[in-house]
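You will see chain A twice below: alongside chain B first, and alongside chain C after that.
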Partner chain A sequence: MDREVYLDYQSAKPVDPRVVEAMLPYFTERFGNPASLHTVGDRATAVLDEGRAGVAAFIGAQPDEVIFTSGATESNNLALIGYANRAKREGAHVIISEVEHISLHNIGKFLEKSGFRVTKVPPDQFGRIDPDKLRSRITDDTVLVSVGWASNEIGTVQPISRIAEMLRGTGVALHVDAVAAEGLLPMDMSAVPVDLLSLSSNDIYGPPGLGALYVRKGVRLAAVTIGGGQENGLRSGTENMPAIVGMAAAARISAEELPRESARLAAMRDRLIAAVLSTIPDSHLNGHPTERLPNNAHFRFEGIEGESLLLSMKDKGIAVSTGSACSSKTLEPSHTLISCGLLHQEAHGSLEFTFGRFSQDADVDRVMEVLPDIVARLRRMSPLYETH
Partner chain B sequence: MDREVYLDYQSAKPVDPRVVEAMLPYFTERFGNPASLHTVGDRATAVLDEGRAGVAAFIGAQPDEVIFTSGATESNNLALIGYANRAKREGAHVIISEVEHISLHNIGKFLEKSGFRVTKVPPDQFGRIDPDKLRSRITDDTVLVSVGWASNEIGTVQPISRIAEMLRGTGVALHVDAVAAEGLLPMDMSAVPVDLLSLSSNDIYGPPGLGALYVRKGVRLAAVTIGGGQENGLRSGTENMPAIVGMAAAARISAEELPRESARLAAMRDRLIAAVLSTIPDSHLNGHPTERLPNNAHFRFEGIEGESLLLSMKDKGIAVSTGSACSSKTLEPSHTLISCGLLHQEAHGSLEFTFGRFSQDADVDRVMEVLPDIVARLRRMSPLYETH
Partner chain C sequence: MKSTQYSEKTLDHFRNPRNVGTLEGDDVAVGRVGNPVCGDIMEMFIRVRDDRIEDIAFQTFGCGSAVATSSMTTELVKGMTLDEALTVTRRDVADALDGLPPIKMHCSNLAADALHDAIKNYRSGKKLEPMSTEEIAGAGTGCGVSVATVVEGIADYAGRGVYAAVPDVTQLADKRVLIVDKGVASARLALALTEVTPRVIFLTELDALGLPEELATQVKRSDVKVLFQSRLAAVRGEGEVEKVLIHDLDEDNDYELFVDAVVMLEP
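Let's turn to the complex of A and B:
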């Protein structure tokens, strides 16, 4: 079999071996519960404080603005449900961008069942949310706006600074799901007035099963997970110490390497985009041509199905995605692509490549060795494709 | 400094090195998201299935009856809030035993705010819940009863089989928090008609940050964490694969070693209990004399404060607890001991020892080298203690 090529970093990332190394002692000889009053507990408390400071520094926040959770999904639950429930007396209207991860839209449906009105704001054809269009949807009843820093699917980066500035002082809070962008774009909460920011540990090559929610000082939430009152009462459950150490180590490595690594990934991405668009007829780039994540290349190939493409690539030992991993097993067309104005059959013909820390130039070569032939073969069998 | 002695296994456990070994490849070369359609995703799906089967086998359950969560607290949230919300049309009354972990009582308060009536059922002086007393509190409106398999604090084991048999066929569901007892007492869901059972990975020497909820076939819950629909729609969020592999490995080791290990721990416990009660005047055993966890010894020393005892032990390099780690920093007397009929000052004079996999006979010797002197010294300074 051919060498395996992994180009689906948006759905899962290996943990950096340096991070695993940092975590290891905290599983065994340095274990402990920060709630304990003895020496082992004291040590755990110090480690927890250090881990929190490390994650805070990564996003220009203060340590007490960081709440550890079990992952991005829980961060999003705490941000949206926790904020909305707390703010219910002030208003019951929430705005969510159409290009968010499916998990956010499901939280939106949950809020609707709980008595909130949820409005979706559509993107332009490149997946960008226009701050003015967003503003026009705000009413006196609006308490919260949720827009991701970038799309995990088509890679379009949102104008978060402009959206945050537009909302500043209006009393409407801004939640940003930063999972797709963290480690790829710099984020500085001391410069951008975001109120709530969801982070995932694994998306910066930290261990899975841990996330964080940045909660700007003064922003109040209702707890979603109830229990012993850990994490300032907002997220009960004994802290996951090895993972917290790991996420802090991952954040430090990510911050150090970000400028060089993002440039390296962008070069691979650009080479793949140029090669695909120039080699494969009737292929198109989805998402924004320039305002896109440095690691994301998302294509549409006329006349064929993304699923067949994905399976043919799989046969060649190449792992790619048709969109969000979390909905990839449902075979429904991507809601993000539909929001950008694509027809159902166009959305179905799409394929997503996401590069990451262990990607190499050779991966692009390998894709270009097999992809043009696969597309040509599938088109020959496709009743939907006619050469022009 | 003296050798460190850790006798607070109820608050945190080191991960077994064999478990760490099993997890390691899943951080790096065998990473993956089970939702992905490519080879890496297929492998992750197989690993997830195997992990679920491993945890199911540990408690005599079917794989599809196991839901992975981020830990015991989340399992308890999903069990109580998820079940109560789903069953609300049938009734709005929940019964919780008084000797549960503080996190369960806080969930109870949350349910009260959500419109449920919550009744607490008191234990006898040994911390046991009488099935008949429990039955007398059930009304037509009762939907759920929650009783822990054993107290994490005083170690008393509940008559779960009898409670489960008493509830069988009544339409009232039984939730059991098994965290304190798992790995110490055998549990077989095919023999005992429990409906919902909360498990923690770390409490069987698996990684922290993972738990499971057993949900008997046919028992329906409302989701608490909303998102991509993982875990049968009950617990969204990408699965924590290395931790799931770790919990399954921990469960296998625990099942294999349970009979011998529980006997080994019980021998240490009994030696400590006999030594303390015979050597230290005016000392008493809290909890049940025989129906107690094999690893738990919980004492009350007249006339002194548990906090001072704990700190004096800490100075000698011995880690113990005054009760639940999750409330140990509040300095409030243990609600469990108060429920058993102790006065506030009596409850305050208590100290908990919990043995575990890495405890040795020498640990008991070390405690007995220092504890009698510490108790005597503290009593000399105590205005509360008068020798008889």
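Let's turn to the complex of A and C:
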């Protein structure tokens, strides 16, 4: 068996061993519920405050602007449903970009059933949302706009600062799903007027099962999870203390290593892109040529189907993704790729590589050892591909 | 429904078409539509007396549905006033035939368009000679399309993403451009656009490039993405072109494609 090569970091990341080490005591001797009034409870409160401050510092926010959740999906729910419900009196129109994660599209459908009008704003062929096009969608009834910091699939980075500046003072709130970009691009809420920002712990090599929502001071939400009133009443449920300690540790490591790590990943990404485009005929890069996440390379190969490509790579011990990991089980092509203007067969012929903290240069070499032959073999049996 | 699943009534009109032939005389006008490249040619003859269609005949070179819809159209409008005849829609024709496979609906356009053309020519006093059999035989084979296919919404986007001419390709730099096959000029434009944008889609109703060989080879070798057996069904978007609905003639289904611009060159 060949050495296993994992290039699907957007689907799942290993928890950094340093993070695991920081978390371990909080499962056992340093347990505690911050709501308790005794010493054990007080200690837990201090740990919770520290964890919150750690995550806040990671994005240039104040500690009381951070709400812990069970993950990015919950953060997205709280942001969109919580904000829309609270702002109902001002308007009932929500705008979501077409290139968002499936969770946001489904939340949009839920909002429509709840009486809101939800419109989508399409990207250009590189996956970028044009702030002017976005502005043209805004009406007097619009209360909220949701645009991801970067696409989890094609890696295109959005002009978030420009979008945020465009919305400033309009009374329309901006929600940003930052999951794909966190730990790869610097984020500073004190500099960019984003109102709501969704984060995931695992996406910065912290434990799965925890996320956070940044809520700018003054932005009001209606709770979605009702209970004992934790997290300022916005997200009830006893805090997941080990995970919070872990996410704060992960955020600290991520912030420290970000400049060097992003450069290292970008170098591997660029080497793979150059090698694929120059050696494999009729291959194309999906997403933006320059404004893309440092860890993302997303290709389409004419005439072949992504799943057969994925399975062939799997046989060689290489883990990659086709379209969105969530949609691998469905036959529908990735919505993001379709909204960039790809045909169904092109979207189906796409393959996504995402590098991460434990990727090495040798991984690129291994991919290039096998990928050209796999593509050639699959094309030989494809009715859709003819050599020119 | 498969493209060949016709109703009994349609099959009857196909096997025994009514009012086939030509008409002659001073009170006869001819309407003609069709696209010789795709193969459908339709001629409709009307004899008008006291503003009524006293007699009508047609000739067609097309698929079963084109024959049946023409036949039914002639039956429906015979005896009508010209104004009444102008109100007959392709839906009326399809209904009278107990329905048509969706993929074949466009064929019923041909008969209606030819009829409208004949009425227009009658009113303007224009005379057309019937085509010779050689001309018709030279038109090709198969079920093609009328030149007058209606694209839903296209008029709403004129100047907002729909172009009838592209004098300067740089105006479409980095746009996703869909070019409807209008022959050589449209293919040359598609090639020129690949210099300014990575995404150029050439939409043709044919199952092969109906272009001179050298040009066809150039298109094949280029980054132009050719969609065969496809028809532009609708243009959509908020305020400007954002996507199109494409009808796949082979699979008989519709799908959306995100684009920024649609080019339909004026002939």
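Rule of thumb we're sticking to: the second predicted complex is superposed on the first by the 388 of 388 C-alpha atoms of A that agree within 3 Å, B and C clash if a C-alpha of one lies under 4 Å from a C-alpha of the other, contacts with A are read in each partner's own complex, and residues count from 1 in each chain.
The working rule: contacts are C-beta pairs under 8 Å (C-beta built on N, C-alpha and C of every residue); 3 or more make two chains touch, one makes a residue touch a chain.
What you see is a predicted model; the values in this text were computed from it and never measured.
Of the two partner chains, chain C is the only one touched by A:S136; chain B is not.
Contact with chain C, but none with chain B, is seen for A:T119 once the two complexes are overlaid on the shared chain. Shared-chain residue A:S236: touches chain B; no touch with chain C.
In the superposed model, A:N202 lies in contact with chain B only, and not with chain C.
In the superposition on chain A, A:S312 makes contact with neither chain B nor chain C. More residues of chain A lie in contact with B than with the other chain of the pair chain B and chain C. Judged by the touch definition given at the top, the superposed model places A:H344 against chain C, while chain B stays out of reach. By the touch criterion stated above, A:I107 is placed in contact with chain B alone, chain C being left untouched. Judged by the touch definition given at the top, the superposed model places A:S359 against neither chain B nor chain C.
Residues of chain C that touch chain A in their complex: 174-176, 197-199, 220-221, 225, 227, 238-239, 242-243, 255-260. The part of chain B that touches chain A in the complex is made up of residues 4, 6, 8, 11-15, 17, 19-20, 24, 27-29, 31-33, 35-41, 44, 70-74, 76-77, 81, 101-103, 106-107, 109-110, 202, 207-210, 224-230, 236-243, 307, 310-311, 313-314, 317-322, 325-329. Residue ranges of chain A in contact with chain C, taken from their complex: 119, 122, 124-125, 136-137, 284, 338-341, 343-344, 388.
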